Amino acid sequence: MSPDKVVEAVLLASEEPLSVKTLGRLFEERMSGAAIENILSDLQEKWKDSGLQLSESAGGWRFRTSAEMKPYFDRLHAKKAPRYSRAALETLAIIAYRQPVTRGDIEEIRGVAVSAQILKAFEEREWIEVVGHREVPGRPSLYATTVRFLDDLNLKSLSDLPPLEDIGSVAS
Amino acid sequence: MITAKIHGEAMLELPQDLYIPPDALEVVLDAFEGPLDLLLYLIRKHNLDILDISMSDLTRQYMAYIEAAKARHELAAEYLLMAALLIEIKSRMLLPKPAEMDGEVDPRMELVRRLLEYEKMKLAAAAIDALDQAGRDFFLPAIEQDRDDIPERQEVDVDELRRAWLDVVARAGVQHPHKVKREELSVREHMSRILKGLRNRDFAEFFELFDIHAGIAVMVVTFLALLELVRESLVTIVQVDPFGAIYVRAANES
Amino acid sequence: MSPDKVVEAVLLASEEPLSVKTLGRLFEERMSGAAIENILSDLQEKWKDSGLQLSESAGGWRFRTSAEMKPYFDRLHAKKAPRYSRAALETLAIIAYRQPVTRGDIEEIRGVAVSAQILKAFEEREWIEVVGHREVPGRPSLYATTVRFLDDLNLKSLSDLPPLEDIGSVAS
């Protein structure tokens, strides 16, 4: 099978994004990064106007459905994916923009208690993880976002998050 | 900007006298994510300048709101804590400032900092929610891989093997351990090869076991392997007639 | 987006096989079974010589990886595999350095019983094989390493295994 067909099939069948390096290792005679990148750009071109798109995010390369496909999937899935509550989204935003943070830090910013369930739900989705502990009494866990979080939002890095708005100037 | 909704309608005006239909209070309260959120709402609704908040206006509106809410609702402690903070800031601002304390920090500053940080995060939350999300706005290919018969492949490298062997020998407390050299390993390799060759047959002719094209060293090693196999009683060598053909057979075939 | 592209993307991104009927419902103006079947057979033709195949199973239509892709997935997943236990490694080392050996030999050298599972696992991996039997009561199997073992460890022959010359100093 030709290398481009192998890469295409592996990317379509992989549960996670794959790096150029990992893709190179697919072949008995390891393939150079440049050769893989050539294949990737050919594939990107090939799939350009279709329902799937080859795109790069933090974890590497993978296919994803294109925006035009959404209505079809909405018809296919009886239930729409639930949206997160405002409390959950604010918690996630604080972790994403202010990481690493403790639960106490989040509560301080939001001005209210943060339920353990919210943190657990994001941990189970592998969007956040404990990256350490702050050396204060109780050694609270420090949370940060994961590569999976970036992948699921199709971002290459944290700096691709929407920029924080400068509200002070908006208000005055 | 917050849009608190009462009975599905955006509550655009918070009346100055703060009359809120009693049955709407819970709904209103649920629309806020805490005292900071409520304060931001009041500030933005009344076009107060967040960098120069009129503490008496803000405090009055906040107090009126939570007084009204408290009548129906067990108010979360955070709301009361914030009320106390607002009153404290207001009273500090009312105190006449002695001349030498001109440099004192504006007591509102910490509150403003928190409000700005909270509002930033609130907008960021909405911005994150607006991003395309896997499983909601786009989907990932989900093709079943033929994998059930792919065994779990553990890794091993040759150095690990070497260390494992050294550990075993060390543990066995062998006083004069056998030194395994390259030559000996080739003998062992040929021992295995000869046994493999004899697996499915009664015997092999002696000369068949030697590959005359492999060079003299390999032939010697093959011969040594054969001798070792005999010594370990793993093969027998038979010669029926003097100077006749020599046959090698696996010991178990006898 | 053209119907064939929609069907292709939905099949590629669906976790379950989809029936012709379900596929027909994807479209605002429901599509007939015959029209969907046309699309499916075009797609089948399109993907024929690639790493994925469109096939029909009891539950409906879905893409699956083709048989030729297996070695690539093997390589892809191999690197994540756990490491062997110490007992397994020592058993393998004894077979490699002292072959041909019986299970009894291995137990004598290690000083503890060797589980049948360990030997079975290496046999299944085709790293060791029975090359004969020792003529003692019970006729125990003699194990040796295979060519596959050498290949997988990237060795040309057993004599490429690291020599153990320094063993005397370790043991004494």
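Letters A, B and C mark the chains in the order given here, with residues in each chain numbered from 1 onward.
The working rule: contacts are C-beta pairs under 8 Å (C-beta built on N, C-alpha and C of every residue); 3 or more make two chains touch, one makes a residue touch a chain.
Given the structure is predicted, the values throughout are model-derived calculations rather than measurements.
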Remotest chain, chain C as reference, centres from CA atoms: A
Per-chain Cα centre nearest the global Cα centre, belonging to chain: B
Chain B and chain C, separation of their C-alpha mean positions in angstrom: 25
Rounded Å distance, chain A centre to chain C centre (Cα mean): 29
Where chain A and chain B are represented by their mean Cα positions, the distance between them in whole Å: 12
Residue list for chain A, restricted to those that touch at least two other chains: 12-14, 52, 63, 65-66, 69, 73
Multi-partner residues of chain B (each touching 2 or more other chains): 139-141, 143-145
For the chain C and chain A complex, residues of the former touching the latter: 1, 5-6, 8-10, 12-14, 18, 22, 25-27, 49-52, 63, 65-66, 68-69, 72-73, 75-76, 79
Residues of chain C touching chain B in the complex: 12-15, 52, 62-65, 67, 69-70, 73-74, 77-79, 81-84, 86, 88-90, 92-94, 96-100, 109-111, 124-125, 129, 131-135, 139, 142, 144-145, 153, 155, 157-165, 167-168, 170-172
Parts of chain B lying in touch with chain A, wherever the complex brings them together: 33-37, 49-51, 76, 78, 82, 114, 116-141, 143-145
Sites on chain B touched by chain C in the complex: 139-147, 150-162, 164-177, 179-183, 185-186, 188-189, 191-192, 195-196, 198-199, 232-234, 250-252, 254
